[in-house]
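Each chain carries a letter (A, B, C, D, E and F) given by its place in the written order, and its residues are counted from 1.
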Amino acid sequence: MTDYRPDPALLAKAETLTEALPYLQRYAGSTFVVKYGGHAMGDPELARDFAEDVVLLKAVGINPVVVHGGGPQIGAMLKASGVESKFVDGLRVTDEATMKVAEMVLSGQINKEIVAWIARAGGRAVGISGKDGRLVTATKMKHPTHDLGLVGEIDHVDTTVLDTISRAGMIPVVAPIGIGKDGESYNINADTMAGFLAIATGAERLFLLTDVAGVLDKQKALLTDLTPSQINLLQTDGTISGGMIPKLQTCIDAVEGGVDAAVILDGRVPHAMLIEIFTKQGAGTLVRLG
Amino acid sequence: MTDYRPDPALLAKAETLTEALPYLQRYAGSTFVVKYGGHAMGDPELARDFAEDVVLLKAVGINPVVVHGGGPQIGAMLKASGVESKFVDGLRVTDEATMKVAEMVLSGQINKEIVAWIARAGGRAVGISGKDGRLVTATKMKHPTHDLGLVGEIDHVDTTVLDTISRAGMIPVVAPIGIGKDGESYNINADTMAGFLAIATGAERLFLLTDVAGVLDKQKALLTDLTPSQINLLQTDGTISGGMIPKLQTCIDAVEGGVDAAVILDGRVPHAMLIEIFTKQGAGTLVRLG
Amino acid sequence: MTDYRPDPALLAKAETLTEALPYLQRYAGSTFVVKYGGHAMGDPELARDFAEDVVLLKAVGINPVVVHGGGPQIGAMLKASGVESKFVDGLRVTDEATMKVAEMVLSGQINKEIVAWIARAGGRAVGISGKDGRLVTATKMKHPTHDLGLVGEIDHVDTTVLDTISRAGMIPVVAPIGIGKDGESYNINADTMAGFLAIATGAERLFLLTDVAGVLDKQKALLTDLTPSQINLLQTDGTISGGMIPKLQTCIDAVEGGVDAAVILDGRVPHAMLIEIFTKQGAGTLVRLG
Amino acid sequence: MTDYRPDPALLAKAETLTEALPYLQRYAGSTFVVKYGGHAMGDPELARDFAEDVVLLKAVGINPVVVHGGGPQIGAMLKASGVESKFVDGLRVTDEATMKVAEMVLSGQINKEIVAWIARAGGRAVGISGKDGRLVTATKMKHPTHDLGLVGEIDHVDTTVLDTISRAGMIPVVAPIGIGKDGESYNINADTMAGFLAIATGAERLFLLTDVAGVLDKQKALLTDLTPSQINLLQTDGTISGGMIPKLQTCIDAVEGGVDAAVILDGRVPHAMLIEIFTKQGAGTLVRLG
Amino acid sequence: MTDYRPDPALLAKAETLTEALPYLQRYAGSTFVVKYGGHAMGDPELARDFAEDVVLLKAVGINPVVVHGGGPQIGAMLKASGVESKFVDGLRVTDEATMKVAEMVLSGQINKEIVAWIARAGGRAVGISGKDGRLVTATKMKHPTHDLGLVGEIDHVDTTVLDTISRAGMIPVVAPIGIGKDGESYNINADTMAGFLAIATGAERLFLLTDVAGVLDKQKALLTDLTPSQINLLQTDGTISGGMIPKLQTCIDAVEGGVDAAVILDGRVPHAMLIEIFTKQGAGTLVRLG
Amino acid sequence: MTDYRPDPALLAKAETLTEALPYLQRYAGSTFVVKYGGHAMGDPELARDFAEDVVLLKAVGINPVVVHGGGPQIGAMLKASGVESKFVDGLRVTDEATMKVAEMVLSGQINKEIVAWIARAGGRAVGISGKDGRLVTATKMKHPTHDLGLVGEIDHVDTTVLDTISRAGMIPVVAPIGIGKDGESYNINADTMAGFLAIATGAERLFLLTDVAGVLDKQKALLTDLTPSQINLLQTDGTISGGMIPKLQTCIDAVEGGVDAAVILDGRVPHAMLIEIFTKQGAGTLVRLG
């Protein structure tokens, strides 16, 4: 055997695959809910990479559920239609005309684009919203001072439609819209919806793709692991602020609701999800009960 | 028993239910594909009635599959956006911008409205398009003189997603869009799509809801039953013409493809489908192999 | 659409069907136990109507279980054979010869006639008694002063044979006979047996068909809804008496044993069961926990 | 081991059990149809033995189906009722009154007695007739010179009800009555019915219990194995005659219809069936394709 | 019937079979774990008889699991290889070389011989050890004064592989070897292993085949039934001693762990197991909770 | 996004995983039969790598079946026992003593070592031989001039035991021994056995691990793809010779028997199987129908 010299490049590939083995075994049959948004959604290369990751998860026996956002696209469409956008506490005031545009953009454009990306990557996706199969029942969100219109709060989740699609070997892609008891549509925050679906499906992981590297400490170094109590401290001392606060709250709600871990992941990194799931290094900030 | 006088109104109800019995037995477990469009889609009362009919079919063990159109709504949206509509041989020339609008209107507006109507009637619908689960694979339609853009012809139907939804006790609602081999969207004629889905699912019935009473003879009397050869004669002698010709061709294709019968039904009649299915009178024009 | 005038008769039919929708949804998959007897059993037209009703229930996904009586027919056969009938507290004293005749009439005549009526209505019935599959195990009923012979009390119900028949798409029809631990036959009251079967199968409804309109108040007006405590009051003040008392006790036992509601129904009304189940009016007297 | 002396009686038992092993393996999961009649039915000890045999078959994984006769008992009941019995070519002319008595005796008396014997032996039987589950559809038998009344010929067998009962771990016991297309009862020869059920269930064995030792040659020696062509020869040369001829024809029809073997068995021998099935000696006359 | 004289030998066979009936019914679907060893393993006739018994159990619906020993054969092989055997408290001190020989003899010779005997008897066996499917996880047995090498204690039993084999209609035959957490082999006492497997599979019976008649009292009479407390008394007064003590402890552990009864059986008696299981006499000493 | 710089090492890992995606999708649910032998079996590191590869295949939904050899180990054991090895045409003349040693080494040593390696890699293996579950039935191989003793030819393969193990999430490891009709053991060539198992299980791939790089042309360059007719040419012109000839014949038999492709793979390369299966480069020589 002295004369045998394996190709180092091939060997490296084999090592990557065997490095993935324990993760393959651990996650087989489990559900991963992924909130997809931001740059990863706008950039065709990142969109293709993301779709490949999702299809790979499915191929190795994990059940991915994709929830997407679409705020900027809705804003653009409203602007093109001459409708003014109004926000209260970061929530878009949603009158009927706005809701109609939002639903067309979310369910009729973005949702089906993701379905198409997954098809290109060799998978089979089914694009739905929370209205389909009465997946997400919602009620009007109450606000102390303003009428937010058709902004909704989640009342109840019935995962039958997700389970049905996943068991048939397909990937559910969900637009963040809920259905009221009279059949009306409600605009739901996509992170919140992903968190609720993760709890309701008994997911092993919740991923929130963002446009930042993760949670950073005051020296701008990545915090790779956090517990709910550590997050509270960081919030108290002002290390985390702005949009990261509700995202981390969604993570806390998820892990307290039974999800094993929630991860804030940098959607700008190609294949960030694969690296996080199948290598020892991981990526982003992982939140888990202490 | 001389003194017993049953209430005639209740008796009539009981008779209606027992009249339905043989049809309930005959159709249990079978699939009915329904092309929903025209006035029935625009009028809220008719929409509610239609949703009730579909939910009733599901409740008695039939698997309805709804395919909807949306030409007028697409036209209105394009007009509002200042895009000009161009038609060749009755087919909308569909450039990329037009397709994007069409997909938003079909998948993001009309499709989800039908889902909501079915929810109000107590059913559970899942709104998809032919792209979801790669239900309908399409290629560009060739035309001898014009480039029709993204008008598509159906290449292949894979009913897995429909079967999955139906078996889970839900009702698939399908927008008439196909997916190309590179993930691109194609605009498909809704009648044609309903016919293909009827054949591929092994449907017992194909219903095409229209805005006319059915096929009329030269004396304007309704022709209740037709065979393909009778249709050919009627076409030759000019009794039928215009938009009814492709509709009847879809019916012929369906019954020749194994569908037991195809029915041109007056969508303006409240509950026309129930009357056609569960009473002796029937409604509209039924096409069956001679 | 101004010129479209739907046929009011057809419209009424459609309305009857849609009126049935919520009941179809509510009762799908549940079990209804029906005690069939009295005039409804003697009159061929009512027998045909009853069979149609039972087959219709089956066709829409309800599992009917029919329990029948046969007192008058047993009496007639005994009289023809010159055997004298003796009663104690309304119970027929049943020596071995009487039991043999009773079993022949119940299992060999009435039971199979009902099976035949159901077959004529397009259904598939399987006629059994409580001996088959050891459905109803019984012991000798003790009486303070008399030996009632083979009159039995129910000891144990094993519904395997009913579940087996129902799941195979067939309708069990049960003669009111139990089996003792040495294989001997016992004469069981049919109402009582229906009540026990309703509890043991987890039935949603128990129907007792009688030859009266239901429970009437002192002004002879029908009492449409009663609770066990109201029944006790009515019994105390003498409003109800005679054979209605044990029937209502069976209803109370059933609802206290987990049956959602028990109904005393007028078997002389054609299709009384359909009206009770599928229309808003209802029929007869419904007993439910308060 | 020189001092070990096994008890010869126990050893003999062990040998009997191991002798049964190849038969247990061969017959596991197969169906045996048994026509039960004659003395074996009249004598309580033989009835108990027969029931034990049937329950033992079920316990070791064979699916027994019992078909019973009842001619003598019907005759006795008719005589007691003062009705005259008339026969044409060995077939009882069956008017409506006779049929009613026959059905009561067969379905209401004999059938349920067998059910009770099987219960005593620890098994669970379900007593039905050919009317139940529309098991045996019949038409009026045509006769060149006489009107036989409700004597029936078998038109169609639907074994769903038998399969359902067998799969649920129970033993079907079938009275020889068929159902006409208008729900009327037909009197069917029990041997014939057993033969049809054996073919329709794909039975491995058909047993016809009789009151003779089997088919005897001219020297009165038992013929243990016969082929259809040998039977024809024996009939031609007059060795077999009388009631044995239709019995052997039933055997021939059965084996030509796919039953592996049909056996004419002496019902007077206690446990004749066990000896035939589980020992090397066998019993009676076995008919098999040559 | 006066002239009918059944053959007494056949009658005796039939009686043996019917005597087995209640046991067949009681044990259907249950698991029997059998420790096979001693003379029964060395003698070809007894080995054939044993295999027939095991195959018969399987044929009548019982799931036998065979655990075998092999001490003498291991000793012989070690001697032939010139390796000295050392024992501490009756346990073979097992260094790596000894373990290697033991595993070859147990898994490579004895185990496959039993598989072959069962094949000859018409059954299908699958020979495994506790390493296969990680059936038996073990750790090094601690001893106060000696290092016993690879003698193991059972840590955990995972019966998946046994259930899988049994459900597929096959008979697991298990060599008494466990697997450590680093994949190393451990030598496990076969009686102990049989007891653990009986508890883990929820077995109805544990049989320990030995070379003695069972437990004898001081007058050398067989004690047919014992409770744990009676065993303690017998041990205290010196009635039982030597190798019988750990065997009875295994029995006590088994019945306290949920096994219905454990039987010390004389493996020198041909078909001792059949006699014990299927006749009223029984054989050996049965241990059951008092 | 200008400031984002993904780590190239992580990116490479992600690319390796996505490179594997099409192969994961193509092979999901299929069976791969692997003949394991040579250096890969002797070297602990290669054995560990091999076990990891097999467990990884299982983890991603492929069903691996391992067949192992053991010639050198048998030779060593025979030599240690002073038994002389005799060969005819490369086949070991196998008398009973030799067979006993061979079976001990194959089933009791090598087989269980592989089971242990797979356990260490986190998998669950079940080590059997062709005798278990009567997987491989064999007859004595005939030779024109010599008596080869217990060298066997494969008569019949019954894959039930393999399917059972695979479906239960475990990995079958098979020693190359067959069972004769009298239960005797036969020595089977391991390559041949792997080929038969590949055909009988409908395998997608057959891998033969060897100690060479694959099939080389006259310039010692690796031939990566061959058809049966190309192999015939290479054999005719002397390019291939010696032990490679029967190996390639096994490959030809396999692909002609329905296996999609057979691969001669260099067992000295760490993770050669992973590279062959999940990368574009491949490894070794692949034989496929032209």
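Methods note: a contact is a pair of C-beta atoms (placed from the backbone, for glycine too) under 8 Å apart; a residue touches a chain by one contact, two chains touch by 3 or more.
Everything quoted here is computed from the prediction, not taken from an experiment.
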| item | value |
| --- | --- |
| Interface numbering overlap (same over half, different under half) for chain E and chain F | same |
| Farthest chain (mean CA position) relative to chain A | D |
| Whole-Å gap between the CA centroids of chain A and chain C | 56 |
| For chain B paired with chain C, centre-to-centre distance based on mean C-alpha positions, whole Å | 43 |
| Length of the line joining the C-alpha centres of chain A and chain B, rounded to whole Å | 35 |
| Residue list for chain A, restricted to those that touch at least two other chains | none |
| Topology of the chain contact graph, where touching chains are joined (line, ring, star, complete, other) | ring |
| Residues of chain F touching chain A in the complex | 1, 4, 6, 10-22, 24-25, 28, 39, 43, 49, 52-53, 55-56, 59-61, 121-122, 266, 268-271, 274-275, 278-279, 281, 283 |
| List of chain D residues in touch with chain C within their complex | 80-81, 100, 103-109, 111-112, 115-117, 119-120, 124-129, 131-134, 160-161, 164-165, 167-170, 177, 179, 182-185 |
